[in-house]
Each structure stands twice: as structure tokens, then as C-alpha cells.
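Heads up, the thing below is written out as C-alpha cells.
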Amino acid sequence: MTKEKRKHKVFMEGAISPTFIAESIAKHSSKTNIGAHAIFLGQVREDLINADKVCAIEYSAYQEMAEEALHEIREAAFAQHNLECMHIYHSLGEVKVGEICLFVFVSSKHREASFKVCEELVEKIKKDVPIWGKEILQDASHQWKINQ
Amino acid sequence: MTKEKRKHKVFMEGAISPTFIAESIAKHSSKTNIGAHAIFLGQVREDLINADKVCAIEYSAYQEMAEEALHEIREAAFAQHNLECMHIYHSLGEVKVGEICLFVFVSSKHREASFKVCEELVEKIKKDVPIWGKEILQDASHQWKINQ
Amino acid sequence: MKVRVLVFGQLKDIIESDELWLEGLAHSDDVLPLLQAQFPGIKNLQFKIALNKKMIQQGVSLHEDDVIALLPAFSGG
Amino acid sequence: MKVRVLVFGQLKDIIESDELWLEGLAHSDDVLPLLQAQFPGIKNLQFKIALNKKMIQQGVSLHEDDVIALLPAFSGG
């Protein structure tokens, strides 16, 4: 496993905007080997917890360790699949209900690889990367999110 | 099978712009039951055909039949899976290399349904919907696209 | 009796039209022989036939105003 | 010898700090008893321990400037 670090910014303060997503997509128009983009967006749901509604999730991370973990996940995916491009962005801080907190973007020549890797990345991000979500309820109390 | 038609515009003249995609994403922020969006984008590749490069694909469709086929595909997916939202857009006319020709957008409470349905929709669109792509080469000749 | 025939994809290169009208057809099984007589080039091409926007699974009688469509393999996406 | 301890997720509610320093620790196996003595509330919580950004798979000796992290179940995405 290479220890060379391509500095890829993962964490963004607050919600990920649709405009940012559009700009990311537009940047790929010059990559003429790409035939398929698979994108996953995580959006904050208005879950009900003991009759109280979630109004936001506040994300925190062990940032250095998370970046290393994501770097390894990326390298492994590139080594195992025929990919053209891969980007992962995750929010830190408060993300309100209806806003985007996770943006996974995988591009390949043909659709199979991008679908497969996009889904795998999301699973690994939720399971293996030190990020925590604190669900802020309407009465200002909170509960720590549990991933399914 | 219901014959009631929700008028859902599928075909768009020319390429699908990243701005349009961003606007579609932004519209979902009020749907607070959504936790996961899976998106597929088809992008025109600069394939090499007998040493000549593809510079665009010109799409045509049997539009009425395609819309009925897509309507049935949508209804079946809604009946079989726990989905919050589903949109399909396909280009007609010329789409240049690097531009987007297909936009499939599936939203659900949890990620599993949106991933599964997004992938299934793309397969069905390529296999069961009367749309044709004519690959325009740099010498102005053409070849009809063949789906894998 | 006349039926309308819609032409798609690669077949447009051979038939050199988006649409044509065929006369004297009573049954869907008569479509192919008539077309092949008029456009021998289509014999080399695989395509399916739809009647009124539904794929024909078996031979059926044709009616006035029926719309036949000639559909080469789809290649959307 | 002092080691730095980073606190994450739900553990912050109990320890009421993002970070603390522990003294007199020579081995990773000593971390948990010391923490539990200081913060009894953490006994009810499942968490893992990382040393210098890697999960500890087995007990290891600690060194000056080592960074320990207390990691409850991840819940990103």
C-alpha cells in the first residue's frame, strides 16, 4: 500500500450544496474516457425520536484518522476496479434536515464498475471511517446517531 | 396496470446540464423522509471506431412508446420497493463527447432501495426502451451504437 | 386498407424515411415480406415490430389506422 | 510518561472534554482501567481504542507522545 498522499479534501464545513455537486459533475466533461457516473448523496432525515423530531445532525470526526482511512479505501478501490475518477465529501458541523451531508462520486468507462464501487464506498464510509453524527432534536436535546 | 398518466417529462433536447441536475437535487430538500439519493449519469465517451473518434451521439426515440415503457418501469419500481421519489431524463438530438445524456435519480429513506432501483432502471432503460444512439464520427460518417 | 409504418434507428439509413404507408395489408405476418420486397437491404438487419406501441408477440389482424413500428435493437443511455 | 487521549462521539458527553492527558501509563492494557476509575460512566459504553491513528488489535507498549483515541461506534453518512 502506497503511503504517497494525494491531498484530497474530504471534509466540508456544513451542508454540501447542490451547486458544489453540479460543479464537480461539470469538471468531468473533459474526461472523455468516462461513460458512467454513479453518485450517492446522503440527506438528513426528519426522524422521530421519542415523539421529538430531528432537526439537524452535527457531524464530528477524528479527521486525521478518517482521512487516512478514506485514502486507503480509495487506493484499494482503484487497485481492484477499472475506474476513471473517484471523489468523497463529508460534512462536518451542523447539517439541517433536507440538506446533503455525504457526496460519493465514482466514474468509470462502463456502468458496472461505478455502481459497484459507489455502493461499496458508502458501506465502508459508514462502517470503517471515524465520523460521528449527533442528532439534534427540536427541544434542543440530542442523541448520538446509530448506523444501521 | 393503471393507465392514469402522471405527466413526467423524460426527453430533453440536447445534453442534460449539471445546473439542471443541481436544481433537481435542490428540489428534494423539502422531502424530509429522504435519507438517500442514488444518481446515475450517462456521459458520451470519445470511443475509437476504426481509428476514427466519436465526437457526439445523436439520440432518437419512438417517443410515445418510450414514455409508456418508462411509465410502466416507474410504476413497477414504486410497487416493488420502498421509494420516496424517482426521476428519469434522457437526451434527444445531439449530445457531444463529455456531455450528459442520461440522468436517473432515485430517492428513498434508506440507501439499499435507491441503489438497487437506480441500477435496475439503467439496465431497463438500455434494454427495454425504444431509444437509439447514432455515433457521429469526426469524419462526419456515423455508426449506430450497440448497447453492451 | 392502409397502415402507417414508423421507421427507427439504423432502418432509417436503408428505408431513407422516418415513416411510410403500406397498402393491402390484412395481417401482421404480411408486413415483413412486403417490406423486404420493397427494401431488400433490411434483410441483413435484426429488428422487432410493434403494433400500436406494443411489441407483437404473435401474428394479429390489422385494422385501419393501426401504427406499425420497426424497431432495431435499442441503444439508449 | 504522559500520553494524549482524544475523546470522540458519545464519550464526550461523559468525559466532558475533547482531549485529556493520562500519566503513568506504560502499556495500552492500562488505559481502560485508568479511564474507568476516573469516569465510571464509560463502563456502559462500547468503544474501541486507536493508537496513533491505527486500531489496537492487541496490547502494546506505550511511548512518549503517543496519541490514544477513544472511538465509539462510527455513525458517519
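So that you can tell them apart, the chains are marked A, B, C and D in the order they are listed, and the count of residues begins at 1 in each.
Following the convention adopted for this analysis, a residue touches a chain if its C-beta (ideal position, glycine included) is under 8 Å from a C-beta of that chain, and two chains touch if they have at least 3 such contacts.
Quick caveat: nothing in here was measured; it's all calculated off a predicted structure.
K.L.:
Taking mean CA positions as centres, which chain lies farthest from chain B?
P.N.:
D
K.L.:
What is the distance in Å between the mean C-alpha positions of chain A and chain B?
P.N.:
23
K.L.:
Where the CA atoms of chain A average out and where those of chain C average out, how many Å apart are those spots?
P.N.:
49
K.L.:
Where the CA atoms of chain C average out and where those of chain D average out, how many Å apart are those spots?
P.N.:
73
K.L.:
Indicate the residues of chain D shared as contacts by at least two other chains.
P.N.:
none
K.L.:
Residues touching two or more other chains, restricted to chain B: which are they?
P.N.:
42, 122
K.L.:
Looking at the whole structure, which two-chain pairs count as touching?
P.N.:
Pairs of chains that touch one another: A-B, A-D, B-C.
K.L.:
Taking the touch rule as given, give the residues of chain B at its contact with chain C in the complex, in rising order.
P.N.:
So the residues of chain B touching chain C come out as 42, 59-62, 64-66, 68, 90, 101-102, 122, 125-134, 144-147.
K.L.:
Contact residues on chain C for chain B in the complex?
P.N.:
Checking each residue of chain C against chain B gives 6, 8-10, 13, 50, 53, 69, 71-77.
K.L.:
Mind pulling up the chain B residues that touch chain A in the complex?
P.N.:
Residues in contact with chain A: 18-19, 21-23, 25-26, 28-46, 97-100, 107, 109-111, 115, 118-119, 122, 148.
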